[in-house]
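Chain naming follows the written order as A, B and C, and within any one chain the residues start at number 1.
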Amino acid sequence: MNAEILLEFAINVLSMGSLYALISLGLVFVFGICQLVNYAYGEFITVSAYVLYFLGAFTSLPWPVVFLLGIASGVAVGFLSELVAFRAFRERSLDALLVTSFAVSVILQRLFQLGISPRSKAVPIPAFFNMNIQILGVITPLRNLLIIGTTVVLLTALVLIMKYTTLGVAMRGASENFVTARLMGVPANLMISVAFIISGFLAGVVAIFWSARTGSVEPMMGATPLLIGFIAVVIGGMHSLPGSVVGGFVYALIANVLSLTLPSSLLSFRDAFMFAIVIAFLVLKPEGLLRGNYQEERVG
Amino acid sequence: MNSAKSFSPKQESNKRSAVRDFIEYFDFTRKSSTVVFLIFILTAIGFFIWWLNIPFIEDIFTAATITLIMTLGFQLYMGNSGILNWSYVGYVGIGAFTSAIFSMTPAVKAMQIPTMYPFLINLHLPFPLALAAGAVVAMIVAAIVAWPMMRLSDAVGAITQFALLIVINVMLSQWSQVTNGPRTFTLGGTQRLTTLWVALGVAVLVIIAVYYFKESSLGLKLRATRDDRHAARSSGINFVAVRYFGYVISACIGGLAGGLYSHYILSITASSFYMSELFLILSMLVIGGSMSVSGAFFGTLLVTLLRQGLRQAELFLTRSGFEASGSTEIVVAIMMIIFLVWQADGITGGRELTWQSIKRRLPSGSKKRDKMIKNKKQEEEA
Amino acid sequence: MTNNPVLEISDLYVAYGSIQALHGICMEVHQGELVSICGVNGAGKSTVLKAIAGVLKPRSGSIRFKGKDVTGSKPEHLHKLGMALVPEGREIFPSLTVEENLRIGAFGRRLDKSYAADLEDLFTLFPILKERYHQAGGLLSGGEQQMLAIARGLISNPDLLMMDEPSLGLSPALVDQIFELIIELKSRGITILLVEQNAQRALGIADRAYLLSNGKIEYSGRPQDLEGSVDITSVYLGGQNGGDV
């Protein structure tokens, strides 16, 4: 194996891992605060992608504005879905929450089919995203480097927010012990709203890079990122924000290694292998790679 | 609460008490009446539809009866253990493919699915045995994979089961030598083997099985783990084992339903046993009430009627120029959320339909009921 | 003592599901008082505090705080009004540093000069917290965590400080330290509602006490009067504490 192949492999893992880290981070933010495994998260991404499609195809807005509005729509759908659907279930059982998010996901998918089209639509993405560039002899599309850069910036910003603002500190406290945080005056509704807003924001960013890679948007597109998020979250630990980032990169590493090493006859089973690894992981190490300081308690 | 009575007083071990045990176990007005009512309602509808002799309606009824069997198997685990089993439809798929492979003749298989392993091509069983084989294979798969997952609960448990569903789905959709891969698997060479009467007959057996499972000591233990895992454990119930057996039996019924389904619909793909199917039976169970067999029964009945009505409306709208396909799922999903918010135990309230519950609603019984409520109120006040 | 009590509870009923935990509790706490609630395990002591702090919703009855009816309010709202609870088992945020734990305790407060002054003041009470200021709460010892939990309650300058079993699981030396601290807090004029299983110690420092048994108040009044009647003591304070009274 020479250096170029190694570098190419590294770029692939890092760019994929960056995207997956953002996906799983969006899931964990909500899970950490209200113990909800949000099946509708994939649809947050789809909504943003549709906004990108509509603004890109039917308006002549400059692309930074389109991107900002796409992200804003992710934030809006995250915030609103919590307000409309999830708030009523806050004190119910975990399964009720899960089933609700499943139902919300189905409703959104059918609405896209009904209101837009069951067929996929091409998302106009600025050309420089897919421009090939050469670094140290390796040719790669620019979007791979852009996602790495974006992820570094976002993660740094999130770390600063979570560490140095009162809201961030309160979020971390609430995800460790929700009831005690409330006893200290941290408002429950605010925490949960903020968690959904951050989740929607990340979904918006993911939508940009996801549709840049696939080039299109369709009603069911949220399913794949959702599954990736699940795996990454499980690998990294459900209760740890850094864990979910690590999980995203580990997932990208395993997926790339499997792609390289599996014989071509078994390549179509890659997802089955991935999920079998996930199950083994959950059975052997239910707390994930990084264990958060979560205490058994339900949101009240 | 019902089944607490089914424990016999041990001190009297003569014949009379054995008979009384037997009668108590099948205590008609309080328990067995449920089974009789459900079977009666199902059979009555079946006969009526047979008498109507409209193929379109017969098809709807047969499909609904197969769905009922699926929902009953789903209820067996979810209702008693309180755990939502996301992987359940995977076992339905396993049963569907397995029984199809067994029931088709080698010649047809060789023609339809040339990629299939030779030893599978040569397998052949008559239809009833092929159905049983589907159920057994689904059960074996569940028996092999389930044990280590049973101690996981809450979010981790849910994701594990979800991941398992995806593994099963990928296997079904990619294993060309067994399932014809992503292409459609067509059961050529036979007429529709799952007739109205076959589906009805199996449904009757499954209603009996699921109901008496709930009343059995295993079912009682499983329900105890649902209500309080720690208390159940400290009273000597091995919750992993109890859940395991419930899960495996549920997978077995799922496999059986899958076999009926594939011999009804005659062409299947892995995607027939995935999210939308799961969503369908989940909506039936939630709307009907997951805690009772009657809930699964009436949920299936209600949602089927609702969906058929909506589908007709949808077709009408589409014909008149409105794009409406998919709106049925939206309505069902919204109904499900509404039920979860206001009536989390579904239309049955988690109770069974029994002779007593009917009597209480009859005019003559309502006085007694009023009195009971009054007494209860007084007790509460005291 | 003013006529208007800081906290006034009347006829409070609380249930966990179908299990009734409190049967018509009435109590009051006045400005500057140290009131102690005693009773055996399961008598409902913690339930009283949880109901006051808004963690549990009462089935009936009313809770008035500073003259306002706050029955059924949310915990975050009650904190804003001036209640602080030092929860049972300390409930420190383990991965957050001491500084961050205190910041959550001061949620809703501007981190300005008065905050810094209050913090300095707290450090004179709890010098160990200054030393450990940048360490994770989960790495502190049990006693240090209890200090942190109390400091986290005090940093919001509450009008009523409620403490749930502050001596639980601590060594005798540390228990002494905690009780000295409570006396110091009382001398600073802080109104305190103290739940303690270590009844003898609690009664020793309290102005008034309520004795709880099976969710009902069995006795209320001055601790001196209570200790006079030996039979009550031995029944309700448990063997090891009541035996040597």
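Note that in this section contacts are C-beta pairs under 8 Å (C-beta built on N, C-alpha and C of every residue); 3 or more make two chains touch, one makes a residue touch a chain.
Computed from a predicted model, the values in this text were never measured in an experiment.
Closest to the middle of the protein, by Cα centroid, lies chain A.
Chain centre most remote from that of subunit B: C (centre = mean of CA atoms).
If you average the CA atoms of subunit B and of subunit C, the two centres end up 52 Å from each other. Per-chain CA centroids place subunit A at a distance of 42 Å from subunit C. The geometric centre of subunit A is 34 Å away from that of subunit B, both derived from CA atoms. Of all residues in subunit B, none touches two or more other chains.
The touching residues of subunit A, when paired with subunit B in their complex, are 31, 35, 37, 85, 88-89, 92, 94-96, 98-100, 102-104, 106-107, 110-111, 113-114, 118, 223, 227, 230-231, 233-234, 238, 268-269, 271-272, 275-276, 278-279, 282-283, 286.
Taken together, the subunit B residues at the contact with subunit A in this complex read 82-84, 148-149, 152, 154-156, 158-160, 162-164, 166-167, 170-171, 174-175, 181, 275, 279, 282-283, 286, 323-327, 329-330, 333-334, 336-337, 340-341, 344. The residues of subunit A lying in touch with subunit C in their complex are 166, 169-170, 172-173, 176-177, 179-188, 292-293, 300. Note for the complex: subunit C touches subunit A at residues 53-55, 74-76, 79-80, 84-85, 87, 91, 93-96, 100-101, 103-105, 107-108, 111, 138, 152, 156.
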